[in-house]
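Okay, so chain A shows up in both of these, paired with chain B first and chain C after.
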Partner chain A sequence: MSRNQSSSTDKTMSTWQLASLITSTLIGVGVLTLPRTSTERLAEQGWMAPLAGGGIALAATLLIAWLSRRYPGLTFIQYSEVIWGSRKSRWLGKLISLPWVLLYLAHLYIGTAITSRLFGEVVVTAVLRETPIEAIIITMFCLALFLCLHDVEVVSRVNELLFLLILFPVLIIGLLSFQKADWNQILPLFSASFPDVFKGAVETAFTYQGYEVMLIFFAFAQPVARKSQAGFIGIAVAIGVYTLITMSGIAVFGVDEMQKLTWPTLEIVKTTQMPGLVLERLESAFLGVWVAAVFTTISNTYYAFNLGLRQFFGRGMVFQRIMSLLLMFPLFYLALIPQNIVQIFRVSRMSGYIGLVVGLGLPLLYLAVSLMRRQGNRVKEKGKVAR
Partner chain B sequence: MSKARCWIALLLALSLLLGGCWDRRELEERTSVLGMGIDLAKGKPNLLKVTVQIPIPIKIAGSGGQTGGKGGGSPVRVMSSTGHTVLEAISNLQKRLNQKIFIGHARVVAVSEEVARRGLREITDGFRRDPEMRRLLWPIVVKKDAAHLLKVKPKLEQIPIVYIMDMIESGTKTGSIPDQTLGNFYIQDSSRTMQPYLNYMVTHNDEIIWKGVAVFREDKMVGVLPELQTWVLNQLRDNKTGGDIVIAVPGKKGAYITVRPHFVRTKLKLEQAGNQTGSLQARYVCRLQCDLLEATFPLDFKDNGIIHKYEQIIRQEMEKRAAKLINMLQKDFKSDILKLGLAIHGHHYRDYWVSHNWVEEFPRFPISVQYDVHIRRIGMKMK
Partner chain C sequence: MSRFWQAWKRRKQMLRDQALHQRSKKSMDKIPDIPVSPELEANVTTIQRLLGSSDDLLARHFVIGPQETGKKAVLVYFDTLVDKKVIDEFILEYLGSPLDDRERPAIHTLESVRGMQKLLEYLLAGMTILLIEGKTEAIVCGTFHYAKRGIEEPQSEALVRGSREGFNESLSDGVSLIRKRLKDPALRVRLIQVGERTRTPVNVLFIEDLAPEDVVREIVNRIKGIQIDGILESGYIEQMIQDSTWSPFPQIQATERPDKVVAHLLEGKVAILTEGTPFALIAPAIFTQFYQSAEDYYERFLISSMIRLIRMMSLFVALLLPSLYIAFSSFHPEMIPSRLVIAMAAGRSTVPFPSVIEAFLMEITMEILREASIRLPGPIGPTIGIVGALVVGQAAVQAGLVSPIMVIIVALTTIGSFATPSYSAAISIRMLRFPLMILAGAFGLYGIMTFLIIIFIHLSALKSFGIPYMTPISPVYLKSMRDFIFRAPFFWMKERPEMFNPPDPSRQNWGEDK
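Take a look at the complex of A and B:
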């Protein structure tokens, strides 16, 4: 069948590609609000929220990598029916795994919509003020659609290529903004209690959303690629970026001012001056590059969704191409459902919590079942025989 | 081959469609406001009068070839309008202009003292929401009429606002004028641990004079700190040098000495006051390295103790100025613009900050300032 084919011929992702895939999926539109959301509960200690939240994301990614090692070459959709079913009746496995798979796919789909809407909102409020938000969302969708027409290999290459482009602006902005930092703003170091740090970490969930695409993409790793290592690097880079941005936000603005800013990271960019005044207004340049970061987030998620959908129905590449085009239309309307910016923030926070269930809960559940049924190795042998 | 070429040609043609901008607005299609002044409307206390300064590109020398600058008349237009809010006044102004007003290029926002005393939060709200507004512009408080500041013609620069801007910028570079941008004002206004302040200017005929800073409590102006105290504030708060120190030497008539600080390092020490636990006191130790610029009486450096003697004189004078600063802030203004609260919040959170209300505590908080003055160089003249 076509699904077996696709999973055995496309094992092209190297460790580095996997890592950059994770980082660039994670870093997206969430960074623009992260300094505000993470200081909301923790105040001066806000920079700990992305650190602790990153810990959760890291644990989840390592679980996903472990799961993928037990079923090499199979995606979440494919090993779902193996885990829940028996060798005789595959349809039973498919039936039991149906709610989980559907939850996962729906989460990816909605996540794409929310991210693209948030991106559109930023662009419309800050740069292109007269442009209809629909135009921005559609343009972004066209890019994502274009990626979906190609093989997985293209996805990994695009991410590898854009990785540095995403990373450098954030790092440069973060470091440049330290010129205006007042380090007393970040003190006292330990004012919040431990449960508060944990709650704050959970609240950063939306920013860390995205690692769950690895439930799909780990299947395409080269046999020699080290998935846990890739997961570790990918998440660690994102943690570094997030903590840096939050820290510089607190040090530059202080906690009280940050609560008043809708897009704190954008304001950091605005107050940051390049030494020598090469570019006086950095924010347009920053947002220009930022498109790349959001593009990888949206298109990776949408790609994972379409790939999952195609495997769920056991179809090939043509099915993916057609479906990614057709499903673009409901996605567009989905993105436009929230009526105002406050509602979007609420929805994105909810989506972050659901993301925790999907990204952490599902792998835990699957691993537990898989370990209890002592599967893993059996499938590996079976895979060899089948090939 | 030809088919491929067709495709390429088609793609290139399509890219022409992609190059456009949705909300394109040419530079000359908008009226850039360089400076803005906000006053209370005369006779109508609940109306604001907003005055804007708009450059006239064709009258600016150098831009319009030979005809530019020659035509006479001012290179800027100053217009005023009133409204209940700043934005209403601006939209009233829009009714009288041919192009769309663009305030993203504003570099100076002047506010009259009257308005500042009523509070600035309602005025800055619109600025905060506007993504085009720079956080790096200079807000200033003007003693009487903010509109007058925009009408003043300093003559040294074509565009008056550029003159004011340069004045503040060069002042912040030398350390005599505090670096108070709009963004800094926002931060200090929002913070629980400090109070905001803004540069204070006085207009007089065709002159614009910097006269220290306007001190705020919350968002309301409460008083003016004169130049000498502002320089001490710069030294204590930001390690900036402040202006030249001119001192009348005690005991000698008509004897003055001028020194210029070129290096300042202030350490803030928070210590336990007395033997009472839970009480704090702040001690600023300011190390000042200066150059001798001028002395109106003979100085003989062969005398070993002479430098030390004048260092002591300067030290006493600076400590006197600092004591006045602290006294004004604590007694008159009750406003912590020193960022002392921030340091206490950061370093004594559990043992002090949580149990005290800083806003109430500041006026009676023990603060002392110590100077440590060094004269390093005496210039080109030895005797």
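Take a look at the complex of A and C:
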């Protein structure tokens, strides 16, 4: 316990920290468009899309937790070579797992860019109309960079700290908006067919994107932490928030009006009035607080990316600090590639689908291989060495 | 690349070790350790030579026992450091009496030394050295007497209810104030001398079965590692043993109140008392304890819970209010209720500056006023208040420099920052207000939130002797939250705060079997 080191129990995350990490990574800029995307196909039944989509996310998170339990203390990057390689030739495993690892890292990297661009668009169109979008994106990156300079334990603590700050505004807005709700607008309750619900669920994939960072962060769980339980709580809170917001969107605006709104959640906030009229219009305050939610999404993803990168190259903290700074510049250009908001929405939808492949497909594939090769408990001792 | 890096680090460590080894020679080590000689005059001249014959160094020759047959002896002491009455009565008169054979004076602190180094050390600490003809041992008599302040009410931490005793500058008085309150046989006091030239005695206090061993060891080691010529205040020690120098937040708590020190000792923390200052240090310290006052535990729990809530609010007011004003008035006027915004616009119509400049003008004026009123001698103090109230309040508004609402904001901010019980924590909040104001002027609410997140990240990364600074909020300790903003009644707080890992967690159930 010297000035820079800390005892090993602090380095790891508790169940609660894992859960808050999942929730705060999930809840982000996606909420702002969610009522529109989920009602696009399902119309009045749109509130089912986040429920069903949450089911997919939950399944994926539980798979990831299962995978992580088989290789405790190892991140996705580290157990990739164990799964694909043999004991003698590590490099073979590294070579075979290379495409998957690269896909995963690229997905995280691009996800960071898209989220920050989307949030920049919201801020510039809704609140700071005179500010160039570059300034918003750069400040968000600086926050993510500042987090990347610290240890993993700091990530878990920041998420824990900001968790309530993220949850409160959206819950309050959701509940307050019921003042203006017209409950006839959510009828008929069941109109869409089952395949449509499934397709709608897949379309909310971008909103639920973020649980794939747990491929990295589950490795830092405390030995006593319950990963599946954390995954369950984390996703359940997100499902609750998303369903609430979609419900209130449908109830306040109706389905047809909502299709014409770019940022339906912001419009809900605008119609909401605070009791006592302390603040007359809430959207600036909401977006102000929402910075925290978007920050956790961006920086957790970027942190996972940098951590994965440094483990991929087998380097230490200094490497992560330098790389997180250097890789910010291409990230900035990446974020500015889409020309307009329509393109961004298209890209974000694409990224959601790729996210399904990464978050659901990769764990499935890995689990299948791992089960077939009967790895798991045997790797436990080896895992400690590999770390 | 990494190999080079490791080699570089190893080399740096080596250099540091070497430097440490060289520097560990204290100024005392320069003095040759000459043995005490049997000849009186030789000893006196040696001492005078080593101390450069200061004028307050006295050597009094006298005879032990009867004038003719007795042994020759000499007393060496610093005139300015000793209690002369004690020397006259209990050494000179007592030893000089011709009635019977007396060799040792009747004083409580007595020790014999043989080497000059040790002898000089005692001499400089205010002891009187008794040298007797023909003996190679010098007798050290505890005659030290410093001028010191009495026990007074602590200036910086006033309470309505609670002990009125505060520490004074004397180390032994401080320890006695604590021992008086804490008659625990497990209370340990460790003496460390810090400062090569001042040789300031520093006491580390802890309760052995409550304070975690590794924390105590770490604190003692860090204090022992201090390499400096002088320690004049406990702030020196605080700054040299704290975890993060670049943080605006204090990581060790300073207090003038012995009851507070005892309360923290009972929670398993470590107290550091320094000679020459009324401020004791408490480590490890976490964020919340700077917003708690000893009185919170003396008042009934509902009242102290409410007061703590008010303190938290005042923290946010002190930190955020001016920047929120800037953000609202220059970026988000739509958020202010429409009638108020008209009144604000009317008030601001004569003000030529943007609201950032206006806020900066007023806040800086306020800081100057505050600093000036602290430095002013007591009787003139109120004058600055009147001048300040006039200038900041009425005149500035009438002159059209600031708007009336800005005056309210500045007043609230200042009052809010005074509501913090700890002065050092209040300063850090005062300081963080200014970057917040700049960012609010550049990005509105978005900028405020950005900076708050930076503060949050920093707070999450900060540690005080291995304890994360934001406990019990992150990492969450549900049990310790009973003593966070809400101060639970005592029958709910049967255990010590778990975040400090006390070896003995139980606080109240002595009678029950565990």
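Following the convention adopted for this analysis, the second predicted complex is superposed on the first by the 370 of 387 C-alpha atoms of A that agree within 3 Å, B and C clash if a C-alpha of one lies under 4 Å from a C-alpha of the other, contacts with A are read in each partner's own complex, and residues count from 1 in each chain.
The rule we apply is simple: a residue touches a chain if its C-beta (ideal position, glycine included) is under 8 Å from a C-beta of that chain, and two chains touch if they have at least 3 such contacts.
Computed from a prediction, not measured in an experiment: that's the story for all the values here.
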Touching partner for A:L128 - first (chain B), second (chain C), both, neither: both
Partner chain in contact with A:A285 - chain B first, chain C second, else both or neither: second
First (chain B), second (chain C), both or neither touched by A:S14: second
Contacts of A:S191 with chain B and chain C, given as first, second, both or neither: first
First, second, both or neither for A:E257, with chain B first and chain C second: first
Which superposed partner A:L326 touches (first chain B, second chain C, both, neither): neither
Partner chain in contact with A:D182 - chain B first, chain C second, else both or neither: first
More chain A residues in contact [chain B versus chain C]: C
Partner chain in contact with A:L102 - chain B first, chain C second, else both or neither: neither
Which of chain B and chain C A:E267 touches, first, second, both or neither: first
Residues on chain A lying within both footprints (that of chain B and that of chain C): 127-128, 131, 135
Interfacial residue positions of chain A with respect to chain C in the complex: 1-3, 6-7, 10, 14, 16-17, 123, 127-128, 131, 135-136, 139, 143, 146-147, 150-151, 154, 156-158, 160-162, 277-282, 284-285, 287-289, 291-292, 295, 315-316, 318
Touching residues (chain side chain B, partner chain A) in the complex: 22-23, 128, 131, 134-136, 183, 186-187, 190-193, 339, 342-343, 345-347, 349-350
List of chain C residues in touch with chain A within their complex: 2, 5, 214-215, 218, 243, 331-332, 334-338, 443-450, 453-454, 456-457, 459-461, 463, 465-466, 468, 470, 473-476
Of all residues in chain A, those that touch chain B in their complex: 44, 125-132, 135, 182, 184-188, 191, 253-254, 256-257, 259-260, 267, 270-271, 273
